[in-house]
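Next come two complexes built around chain A: one with chain B, the other with chain C.
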Partner chain A sequence: MDLREKTFNIDVNHVTRVEGHGRIIVSTREGAVKEVKLSITEANRFFENFVKGMNPSQIPWIVSRICGICCVGHQMTATKAVESALGIEVSPQTVLLRKLLTESQFMQSHLLHVYFLAVPDYLGVQSVLPLAKTHPEVVKRALRLKKLSNDYTTVFGGRMLHPMANTLKGWRKLPDLDAVAGLRKRLLDAIPDLKETVRIMKTLKIPPYERETEYVSLKHPDEYALYDGAVYSSDTKSSVPVDEYRDVTNEFTVAHCTTKWSRWHRDSYFVGALARVNNNFEQLLPEAKQAADELGLKVPCYNPYMNNVAQVVEVVHCAYNGVRMLDEVLGGGLKAEDVAYEVKAGRGVGSCEVPRGILFHDYTFDENGRCVDANAVIPTSQNINNVEQDMKAFVPEMLPGMSREELTLHMEMLLRAYDPCISCSVHMLDVEFVD
Partner chain B sequence: MKPKVAFFDFASCEGCQLAILNCEDILLDILNLVNLVEFREAISEKAPRYDIAFVEGSIHRDEDIERLQNLRSRTTVLVALGACACNGCVQARSNFVAPAVNYEAVYGEDARNRVQVDADFWSLWSHTRVRPLDAVVKVDAYLRGCPVVPAEFLHLVKSMLRGTTPYFPPDAVCVECKKNGNECVLERGETCMGPITWGGCNSICVNNGYVCDGCRGTLPHANIQSHITLMREHNIKDEDIRSRYRLFLGAEPIGRGV
Partner chain C sequence: MSTESSRIRSGDLRAGPLAGSDWLVVGVGTPGSGDDEIGLALVRDLSRQAEYSGRCRLLECADAAMVASALLDWQKPVVLVDAADMGLAPGEFRFFSDGNAALTVKAGSVSSHGLGLAEGLALARALGHDRAIRIFGVQPFDVSPKQGLTREMSGLFPSILAALNKACSRLQQAECRDAAG
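Let's turn to the complex of A and B:
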């Protein structure tokens, strides 16, 4: 095809199979890229302002509503931030239960994303639905694994969405040990399904585009950092404390997005499964490393489309680590703990890895324990700048060999690979090609 | 012919659509009985007309109003899916603050000013007030709760497939809570919205050691004054009572009045 004919105006408004509303705008003239824009169009909800006036234990419960898919992550991060502000120490039992709740949501979110949102692109279908007829075994496995992860969350949180069993300091109602034992057996029984998930992932043809960027994640000396750690950059090969997150995120706004953008040591940075696997590969469990090896994921990996592969690697890690932690619960039992706390004035910052990347919450309370200031920096808002940089780098590479439709699909796939969570970040997406 | 079913969302956490995807056991059976034509969170297809549209989220901007009116005109039945769509949910708390103050607090003054000079993006940033769907269009059925209850979704789908009207009894959360044998939250000295709140959730929050925050909205004939008196009698401070009424019910007239 003659490049001079390549004048595209691609405008995909309300991009599908992503959580939230976004728009991709690509404008090319005679084979040259004029404009690439990622616009987040989600309506504002102003969480950071309306949580003001709430008491400490209300905060994690309410900010859970920032996002349905990562409600647990928002709860955990807010819980840690509030506890830090009030000087609350928590028991090893509480930390263990929180890690279980956290990892259950990694499994749920990654499996949903890989099977429901990403795989259809690779199999050339519009959604997971036609797969029910053409690949029934794939869909049934997806549903089995998803149900397992949801039940996992329910055992520890009381329900799968916006759990209420957990609160500041600990658990209002402890998980039932019989249910924990049942869950352990089901996790072990799911190993063949997980192996099959790795096998399917291996058959998918991942677009081969690379752009090296800065990878940011938590890092912990003793474990693959998901629940806790310090903020690590692949650029400096060092960590900064979570309290200094504002120096990491350096948020700024652009008119075409209702989400804030971030940058640290360069124009943009990457958070999420690929950043974590790149930064903390050595701490993955052996089974997860083996899955990475089978899937051809070698670190450092600079291909953003490989984020889906990194998610599968993390699912394997979380499943095996889950069995280990469930054994710990079953071995030691659980005892009821007092969750009463004293209020005082103070500010606290919390950070957890959530499925889409590193999340920061920051709350300040007055002496009556009323929230007077709040800030949340969401993985998708940190990533969105990096997605736009990827698009700007890849469109000129893709343009000579691709039709308008292929290019559109590759832009949408790129965005989906990041697993954006737009409700979260709007404080966000649609694809639009403009002449 | 199989009914054409579609899902849409406005400002929300999209958790209620996720709650539907989480009906793993019966999801494939339902999909055999309906023709799912739009579900942006999970599929890429689009259709011009629907028999049943499930709409999640609250309405904040002019463009949202136009989109909702447009899809109302293209669907036979419109179902409000979840607390954001039914009663505004937690984000309606932002109605107590002027939008400009909210924009400045969350995005900074520079951002607010910059948006004012770029007309292409005005509509994105035109937040006025958080409204439930029925403040803008007629709603035919409500699936309440934050998040929705899968059993109620199934009841609604089954009723509609049979051509009957789904019935959700207007009983307070207290009715189910008593059946579940929970200790009364008010007796524990904590605020509880159970007495005035639509049941149907099986009092799941109280079962798990928490209280009822009223996410399902107030019952049509709820005696608000008596509820407030009841909480005062249990030595609950007015400040805390007000705070509860403004937690999930900020868009309801009652949430504004307490």
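Let's turn to the complex of A and C:
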């Protein structure tokens, strides 16, 4: 078709295989792009209001319910924020257990997303269900790895979803060391499945579109930052403390989204696996670097579709790092710790990386230990602006060579590549009426 | 999440005997979602009876991957007990085989939040699970966030439990007949 004749509207009213409800609108007239919008229309969640009046130890368990996929991440981030507000210090044992729990969820979430939500795009099927018929071994491997990572979370969290073992200052019920040893063996046994995952990923044809943007993630001097660190920008090559997160996210609203948008040093920024790998590549374990090399992921990488590849690299990192940390647990044993704490007035900010990017929680307590203010800034709300900027950049590039259907698929794949959790991203908008 | 939609195709869905001799009763549901917990509550009660010892399992907040993994691991005939939107009056129940009902599988619209029991069954079947699957579905009153069952469902609970018990007993008797014959 002659480019000048290309006039169509794309309106994907419900993008599939993402968490929540997102809408993509593209309008072209005679070969020119007139409108590109990513619209989020989900209702607000009100979690920041639910927790007002709650006592400190309740909050991490309640906000875990923001998401069934990132429940560990919300719980960890809230725990750190509340502990910061109350001036609670935690032991190296608790930090180790939290890192294990955190990385178990990275494996769970990334494997689910890559195998169940993203891979079907690349193999030309609508979902994982037809894939089970055409590629049963791929799906069986996905199920094995997913079950392993679910059990990983259960060993440290007490249960797979919304774990209850972690609390302020420590662990309510320590993991069973026999279960820890069993998990270590299963992680090692899963290495062939991980290698096969890398091999499968290598066969997928990733769309070649690039747009350089600002990449934001936690950065830690000693390790690949998932549990802790300061907020790093690829633009300034420097970090700021997590307490200054509002200066990072600079949230604002747009008419076509119920989620808030973010921007830092330029129009938009990218958070998530690709941002982490770009910013912290040198701290990946050698096995993960090797996987990145095999998958053709060279940093800095500006192709957002490669976020799925970065997720696989992180799965490899978390599996090998898990074995290393499990050895530490088995070598040193675990001892019960006093988790009593005193309440006081104060404000605290916590931040962790969660599978979809950097997450911030912020709580303020009165002198009776009641929560009086809360704020959470979710990775997807930070990413939505960047996704739309990508769409605006890529549609004109794609338009000459693609049919309406191909363009639609590529836009959906782009949104899915970011692994958005739209349900989590929708927050109460602060409205101030002016007389 | 586990409140899968199901459209009953035929009027008479009395289940025949389960193939195999070592079947499980599996409660499926989500705590904190009102009547979506009915499957878990029923199977918890059932598990206290001696004849169900070792035969009961619970799948809490199970996504499709968990359901499919469990079925493939167990490789046994199962009775899945769950809240199901069957277009019946709230509190009514049906006992049927997965082959006798069209479970609405959201093949094109799945998210990992939305991959539920129906998708899990479809996935297990596609991956070669060939054992009998019976579903004891209960039409919920309300599945919005709420601790415990609704008052109405709690009132009907003893009669629904008795019906589940009877259905499972019939299966067990049929199984014994098969073994003897």
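Keep in mind that, in the parts below, the second predicted complex is superposed on the first by the 427 of 435 C-alpha atoms of A that agree within 3 Å, B and C clash if a C-alpha of one lies under 4 Å from a C-alpha of the other, contacts with A are read in each partner's own complex, and residues count from 1 in each chain.
What we mean here is this: contacts are C-beta pairs under 8 Å (C-beta built on N, C-alpha and C of every residue); 3 or more make two chains touch, one makes a residue touch a chain.
As the structure is a computational prediction, the values presented were derived from the model and not from experiment.
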| item | value |
| --- | --- |
| Clash-or-fit label for the pair chain B, chain C on chain A | clash |
| Touching partner for A:Asn49 - first (chain B), second (chain C), both, neither | first |
| More chain A residues in contact [chain B versus chain C] | B |
| First (chain B), second (chain C), both or neither touched by A:Leu143 | both |
| First (chain B), second (chain C), both or neither touched by A:Lys260 | first |
| Contacts of A:Lys133 with chain B and chain C, given as first, second, both or neither | second |
| First (chain B), second (chain C), both or neither touched by A:Met164 | first |
| First (chain B), second (chain C), both or neither touched by A:Ile62 | first |
| Which superposed partner A:His113 touches (first chain B, second chain C, both, neither) | second |
| Of the stretches 109-117, 145-153 or 181-189 belonging to chain B, the one that collides with chain C | 145-153 |
| On chain A, the residue positions that both chain B and chain C contact, one per complex | 14, 16-20, 68-69, 112, 116-117, 126-129, 132, 139-140, 143-144, 146-147, 150, 159-161, 423 |
| Contact set on chain C toward chain A in their complex | 1, 60-61, 64-66, 68-69, 72, 105, 107-113, 115, 119, 122-123, 126-128 |
| Sites on chain B touched by chain A in the complex | 10-19, 21-22, 24-25, 27-28, 31, 36, 39-45, 57, 60-61, 64, 89-91, 93-94, 96-97, 101-103, 105-108, 110-111, 114-115, 118, 120-121, 124-125, 127, 130, 146-147, 204-205, 207-210, 213, 243, 247 |
| Footprint of chain C on chain A - complex, ascending | 14, 16-20, 68-69, 112-113, 116-117, 126-130, 132-133, 136, 139-140, 142-144, 146-147, 150, 159-161, 423 |
| Footprint of chain B on chain A - complex, ascending | 14, 16-20, 39, 41-50, 53-55, 58, 61-62, 65-69, 71, 112, 116-117, 120, 126-129, 132, 139-140, 143-144, 146-147, 150, 158-162, 164-165, 167, 171-173, 253, 255-256, 258, 260, 423, 427 |
